[in-house]
Each structure stands twice: as structure tokens, then as C-alpha cells.
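Since the structure comes first, as C-alpha cells, the remarks are kept for the end.
To keep things simple, chains are lettered A, B, C and D as they appear, and every chain counts its residues starting from 1.
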Amino acid sequence: MKSYRLVIDCPDRVGIVAAVSRFLAEHNASIVEANHHCDKQAKWFFMRNEIEAQSIELSLAEFKQEFAQLAEQFSMNWKIVDSSVKQNVVLMASRESHCLADLLHRWHSGELDCNIVAVIANHEHLRQMAQWHGLPYHYVPFNKGEKQAAFDQVRELILQYKADTVVLARFMQIFPDELCKELAGQVINIHHSFLPSFAGAKPYHQAHERGVKLIGATCHYVTGDLDAGPIIDQEIVRISHRDSVEDMVRKGKECEKSALARGLRSHIEDRVIINGNKTVVFD
Amino acid sequence: MKSYRLVIDCPDRVGIVAAVSRFLAEHNASIVEANHHCDKQAKWFFMRNEIEAQSIELSLAEFKQEFAQLAEQFSMNWKIVDSSVKQNVVLMASRESHCLADLLHRWHSGELDCNIVAVIANHEHLRQMAQWHGLPYHYVPFNKGEKQAAFDQVRELILQYKADTVVLARFMQIFPDELCKELAGQVINIHHSFLPSFAGAKPYHQAHERGVKLIGATCHYVTGDLDAGPIIDQEIVRISHRDSVEDMVRKGKECEKSALARGLRSHIEDRVIINGNKTVVFD
Amino acid sequence: MKSYRLVIDCPDRVGIVAAVSRFLAEHNASIVEANHHCDKQAKWFFMRNEIEAQSIELSLAEFKQEFAQLAEQFSMNWKIVDSSVKQNVVLMASRESHCLADLLHRWHSGELDCNIVAVIANHEHLRQMAQWHGLPYHYVPFNKGEKQAAFDQVRELILQYKADTVVLARFMQIFPDELCKELAGQVINIHHSFLPSFAGAKPYHQAHERGVKLIGATCHYVTGDLDAGPIIDQEIVRISHRDSVEDMVRKGKECEKSALARGLRSHIEDRVIINGNKTVVFD
Amino acid sequence: MKSYRLVIDCPDRVGIVAAVSRFLAEHNASIVEANHHCDKQAKWFFMRNEIEAQSIELSLAEFKQEFAQLAEQFSMNWKIVDSSVKQNVVLMASRESHCLADLLHRWHSGELDCNIVAVIANHEHLRQMAQWHGLPYHYVPFNKGEKQAAFDQVRELILQYKADTVVLARFMQIFPDELCKELAGQVINIHHSFLPSFAGAKPYHQAHERGVKLIGATCHYVTGDLDAGPIIDQEIVRISHRDSVEDMVRKGKECEKSALARGLRSHIEDRVIINGNKTVVFD
């Protein structure tokens, strides 16, 4: 079923829901799902309406034109998205295959509703896996002293593929600040700890050293601050003194796959709105 | 902060949200929290709006009068509840103290926003606990052959205390069918298994016998069908072959306390709407 | 690191651990991991010792010979397994790909320490997936009236591949009683509910109908009683009234993959001992 | 059933289990539960045996004398504990009642097998709760500039009550370094975050600020490094953008109660062995 997703955030005040709902009802929109949230501290309002496309008596172009007035009145950031127009997604990886394989299978089996258009990696290991799924595989080496050039090449590929979203599926190079800014809100990473614990390198080693009884993973938007961007989803698993670092790596992979898949799904269904350094996730 | 809770269910059609939102906006209602749900199979719509009481330019009486027209137009079941008018809650128990003690402490510390008005029990064991909390304690013995008389006495007490809600905090007698009907949607039970597994007596023994690796508890409305009423919340905990029945009883108590406390909280905040033999829980 | 796994069960009495430990120490065995369990009801003792292979001053043949006396003395069921001799595993599937893809990737990436030797399926859908992993794919149709013949063919293939373990990775045909008996303790199934709830067909539909707030999956040994064999592992996920049957199917798949992968891993590491209709799982 | 708990840690080498098991078998000890662990990095071995007291043909005094030789041979740290001799436990609190009430009820209902001997608090709020449980309540004010004197008084009370264990049940004053050293391994704290995230003050505010999707609690031994002592247990709960700091405080309390109760139970059953800045927890 084709639907339109109307996603809004704006300063909070009385009458937003009424105005939007009236607008939708006047055009006979049948609402499949509606979510609101008000951040009381920030006095900011968030809203997502999923509308049955065939119910509404407006084309998408007409909707955009007519809704613009209302949006301006409430100083809204807003978009309306046609669910049948899939996002272009580029996956990036290094050596570890579990997140890449997991996302590719979800896509292959129809669970992830997007166009995965390419895989970019700084190793050759995963070429066959990508190619079996019919995807171009771009090997971009990240040699010392040549990282800026490598990222320039990555940037070109992202532009060339008209990627709406870039997923760092255990891609182990740190995105440069300018690229983070250029792609703000479009790059999703999976970090292998329950942030803010164990940011940076070798989080499972850090966790083992500290003797925690839980380990986890965090799916977040990439920003210039390493491992400090807005969190979309987190997952944890219980461990014990019996677990070696290797056990933790193995068990943690389950968390990484789950948190990344859920976070990406929410993102491509336009369920995530960035709110400063946090997120509103309507699920 | 005082609020009004407007809780609605009605046949689904276009324009419900618009009509309700417009009504609220026209009276300047500031919406604290809004939730919708549409049961596509049943073609039934569910809605809960929490409204800042001081924002709205209507008394509760005026609201009821004015909203009635709109409600009729959409064939709504509806209520509007003043959050400052607390529900009267009667707790019922047998010998086991953990659920009773848990609820009483939550109430004592201000976490449960209701008036607990009395404890009824078919044993004397928990009298002191109730009395320390300043509550009357009614011992109603359930001897063989005298159960109907005992339930008549229970019913009288429930009426006398004008109980809005009755909580069976591990009360181990089966409510008779007529009383279930009379108090439909008002009696909350905690069953010590993840229903529908292990309904009936001695669920931990059943679970031990079957060798499950998870045990749990279920908070549900009481109906004439034993352990088969609408489920409000469930909780589980992982176990292993090392756990004896006694260990399972101990670990399961955590599930019972959690599921009951969460379910009761949802109920007294008018977040639960019964939908046939299921529930919509807006949390 | 190569290790030997000594797995024992026997009637409980004083001195078993002492006798076994002394035997191991006398041959200089370095114990990597040791687990005991006593089923007090059944008065039965369970034990698993993982021994560093290079530490012990006995060949496997010598060990078997020397230990046999001690084993007889305590009426032990026992085996000693060389961790470097991998089990042969046959996977069986129908249309659904998620469990098969998950197990194949775990195997491909070295996480599952076994030889997957073939895939048998009653549909053609998953042939390419199996073949990409270099595995023979046997399509065995299960037409009405020809099921016994089909199972005869399955049995032949299992024998031909010298399968130690057969995994029903969402294989949707019911194993006949005789085959269950012939392969007792060797066939692992994943059922898509937290058993004993919702045994049989369409468990997610059953769960949706009942309005539960948790769904799950159960990994168990196959016996002649449908969905009633010894449980190895279970997993659950929280759901709400918002989840349709389709959502439940999607969320449940995560449980199925996890419970099956964990259960199979425990099985191939000889961590599972069947105890009547239950299991002891040393993890 | 009375049991003896033999708890050992020592440098790892071949033959420890054999020697201990032989010793136990020679004295006819029936082992209720046995656990081993080897820290491969530290090359250190940990062991706990729970022995049916009536089965063993030695008095506790005789056991201590006879076992001492074996212990010396393996350079063991060791103790043997009579399960019927309960630990003396002092609870410390501030204003928040949930952890105190939870522990007191578990003790009152026989779930916590120890002698709670007194409550010490730096506020008067919880006096009645303690007294209803028949416990002396010591109010020790912690005024600015007089904290050392207050801790001197706390120390005296701990000595006076011959406390084996001190539980900081949301006691909000930081133990001085010398007292931490004097009571090393005896003081258990509950911190209201999943450490190492959000150490220090106001962890729920920190968590809200950071926008995490999980909050938690950590039960750990108190050391001179604030919130950095060996972790015994942790618990988490899922939250969302809808949760205010107040909601997080409320939901977090569940984690605090669970993690503290489980951690304390493990401690008083001699299941926890400190291993540097980590713990081995045999459960």
C-alpha cells in the first residue's frame, strides 16, 4: 500500500495538531499512523503522519503547494515523502562481514524497503558477497597519508550514486569533519558498545578490562564528534566473568546487527527526527 | 500539573482526529500527550489525549456537554477524566506478600497515583503490613462450601469502598462468573506465567516440568474464563536447568511485581482500552 | 586450540567428581572449562569437562580404554569428543530464508564450528543461496500422498552425508515418528513461538489473536510429539497493540535466528545433555 | 538444609580440582553445587563448592585444620562458610526509600538469608520503615565541614554491630578513602547508571542530556575510586524520547532494586570473588 509520510517539527504552540488534522481531513486523508511528541524543555513539537496515498484528494505536488502556507504559519521544518520512492543507500564496510551480510539479506528478502546501490570498502574481503547480491563493489584503499584522497573518492561515489543514506556497517575509518557536515543526518554508524561507555577504539577490550556484566551496541548518526552523534537505537546482551574478549566480540555482533537493522529501518521509514544531539524515534 | 484525559474508541473513518483536534484547539487545549491506534481488522479507532487542564477554556461539565454532540456523530465510547480525582483501589491478597508489599510501597512513596482504600485477604498474614500503611484490612475466610458467601462479602466491601479498581495481588481464589461480569474491566489479576502457557494452578511447577528456558508473569483483566482475559502487560526472566521450582518461584516474583505494577499504572492513568479480548495500551 | 570434551551423565552419588578429577589430574589434563549439574528429583548427575588436548598424556584411544573402567563403575553414559573433528550438519528449509541465511553466514565467517555438508529443501527458492556457499542443494518435493516417499529420500540423504546433526531451519513438514526415533537427539528445530504457547500451525496468528505482549521462538530437539521435544533455548521480544501479524512475523524472525543459532552452537559444542524431556545446557 | 561453602582462589595449575575433589570425596562430602573459573590472562583459578553439611565426616573446625595443608600447597586464598551462620548486614540510606524498602521486604519475607542489624541514614525520613521491621535506626547528619566526624560515627556503628557487609541503598555520601580500604570487599553500592556511563552525580540527568535509549543501574563494591569498584551486577531498561528525567528516575528504580538485590544475594551466598577490579560471580 502506497502511503505519504508527513514529517514535521516546529516550535510548540496550541493548535498545531488541529491545523494539520483539519488540513488532512479536508482532503479526505485516511491516516494510517500518527505520532506526536513535545520536547517540553526545548518547547519544540514533532509529528509524523502516515497517510494512505489513494485516500487523499491531492497529488504530491498539490499537497506540497497547499501545505506550504500552513507550514509557514507554524514555522515548520517539514517534508512529505512518497513511500513508493525508495531511498538510495550506500553501504560501507571494512573486513567484518556480519553487519553487511545481515543488511544485505534483509534487503534481499524484502525486509528493508530501500535501494541498496553500492558497497564501498577499504578491503577486498567482501567483494563476492556484494556481487552475489548484484551490487557494484568499490574498493577504496585507506593508506597512511592518503586518507583525505580516499575520502574524496568516497565522497564522489556517494554523489555519483545519489545516495540518500550512507550506512557504516563496521567501516573502521573516521569520517572527516567536513564530510560529516556535508552529509549531516544521512550517515548512520554502528558502534560496538552501549555509548557513552567505551567510545573509540577496541570497545570490547575496554569492556573486558572494566569487568562490566552487560555489553552492547549503539546505532547513531555520524557527526564530527567521534561516537557522540545522536543515538537512534541501542541493544545490550548480558555477559559474565566466563566471557573472554572473543566471546564478547561474538555476542556483541548480535547487538550490532540488531541495533543497526532497527535503526536503519526507522531511518528509511522517516521515523527518526534529529533533535539537537538526540533523536525522536516514532516506532 | 492537573490534566484531563480524553479517552475514545469508535468505528474508524476519516476525520475523527481532525474533528477532535479542532474541538480541542478551538477551546485552546494544550495537548500534553496524544496517542491514536486503528485496529484495521476490527475497523475500530482508539484515541487518548492528555490535556493541560488550565489551558482549556471549558469546565469539565461544559466539556462533557459540548463534546457529547461530536461523540454522538462518530458513535464514540468516550470518557474524560480529571487526573486530580484519584481512583479508589482495593487490593486483594492471600498469603504471598511480595506483590502487596510492592504496590503498597509504590503508593506510599507517591509513585502510584490512586487512593488505595482497603486490603481484603483470605488469610490473616498480611494484616500488619496493611495497617502500617494506615489501611483497613478485611479478613474474609474462604472455607469449602462457603465460597459464594465469602464472595458476597467481598462484593459488599468493594461496593462499600466505592472501588473503581480491584487488584488481585496474588489472591488465590477464582472470581465467580457473575462478579467478573459485574466488575468487567475493573479487576486486574497477576498470573505467574507468560500466558497462555501454564494457565491454572502451579504454573512454576508446570514450567519446571516442561523444561522451559524462560518463565514469566502476566497482568490481565479478569473475566469468566480463567486466566484468559485481556492481557495488559507481561514480563519474563531467563532461567536454566540449574533452577529448581523454588528458584523459579523466587525469580518469577520479580516478573510478577513488575508486570502488575506497570499494568496497574497504565490502568489508573487511563492508558488501557479493552478491545475485545485484547488491549490497546498507550504508553 | 584443540580440546577434548568429556561429557558424562550417571546416577548421582558421592565421589563422581573426585574420581573423574583424579583420573584427569593423574594424566596431567589441564581443564579449560568444567560444569556439573545434579538433578535432585531424578537423582541424576551431569558433567562436562573441556580438556586442553596437548596437556593430557593419553591418546584419545588410550583415554577411551582407560576411562571405560571408571565409567562402568559409576554406570555412566559418556563420550569423549575431539573438538578438531567437526560434526557433519545437514540443513533443511522450505521457503523462508532468514534462518538458513543466518546459519550459512555464521558458518561462512567461521563462527559455527561444524561442517555444513548439504541443504535439503522442499522448495527451489533457496538453491542459489546454498550454492553460493558451495553446498549441494537437494530439492525434495513433498506432494500430498507422497510424503512418506519424500521422507525416505530425506533419510537417504542424511545417511549419505553421514550427518551427525540435522537442523530444521524453518522446514515446514512434520517429521514422521520413526525418523524422529531413528535420529533421536540429532534433529534440531526452531519453532516460532515461546513454547508451550502456540504450538502447531501459524503461531504468530495465534499470538495476535490472543493479544499477548511478548512473542518468541523456541529451539528444541524433534521428537514424535509435535513441538513438545526437549527445549534447548528460547528467545522473546516485546510487542504491542500496534504490531500487526506481519510485524510480529518480522520481529519474531530475530528471535528465531538467535534461539536457533545459540541452540545449535551449544549442541555442536557438546554442551547439551538431554534429560528426559528437558535439557541440561552447560554454557 | 545446612551447607558449607568452600570458596577458593589461587594460581592456576593442573590438579587443583582433583586435589579438592579427592579431599571432599574422602570425607564423604556430597556436593550440592560446584563452580570453577580460570582467568587465563591472570593465570588465576577460582572455585566454589557447596557441600551438604550433614554428609561430610568432619566438623567445621576439623575441616579447617585438615584443609589448611592442601590450601598451602596450592597457595590458596580460601574460606569455608557455614550457611546457617548468617552475615550481619548494615543498611545505609539517604532520602530515597525504594531500595531500602525492597531489601527490607525481601529480608522480612525470608528471601534474603542474612541478619539485617541496623539502618544508618543521613536523613530522618525512613525511620518508621526501619522500625516497623524491628530495626534500630541511626540518624547521622552529614553537615558541611563535619563529614569526617559523621563517617567516624558510621565507622563506629559498623564496628559495634559487627557488620560483615554494609549496603549503600542509595546512600548519597561518598565514602572516604581510608574507610573504603578498611572495609574492602564488604561495602556494596548501587549506582543509578550502567557504569562506566554516567559515573558521579545526577546520572539520569546525564543520560537524558545524552539521549541514550537505555538506562540502567550497577551494583558494585565500593573502593576509593568513585563508582569504579568491581561490578557485581547490572540491569538496564529501554527508554525512548518520550521519557522525561522523572520517567527515567522512575523506570531506573526498577533496575536499581533488581541489580542491588541480586548482587547482595550473590554476595551473602559467597558467590562473588573479587578478581582485581573485576568479579567472578558464580550463579
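The rule is simple: a residue touches a chain if its C-beta (ideal position, glycine included) is under 8 Å from a C-beta of that chain, and two chains touch if they have at least 3 such contacts.
Just so you know, these numbers come straight off a predicted model, no measurement behind them.
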Most distant chain from chain C by Cα centroid: B
Repeat of interface A-B, chosen from B-C, A-C or C-D - more than half of residue-number contact pairs shared: C-D
Result of counting contacting C-beta pairs for A-D and B-D, higher pair: A-D
Intercentroid distance (Cα basis), chain D paired with chain A, Å: 41
Distance from the mean Cα position of chain D to that of chain B, given in whole angstrom: 36
Residues within chain D bordering two or more other chains: 33, 242
List of chain C residues in touch with chain B within their complex: 37, 39-40, 194-198, 210-214, 216, 230-234, 236, 240-242, 244, 275, 277-281
Partner chain A, residues of chain B touching it in the complex: 14-15, 17-22, 24-26, 28-34, 36, 38, 55
Touching residues on chain A, where the partner in the complex is chain C: 33, 97-98, 101-102, 105, 108-109, 111, 132, 242, 250, 254, 258
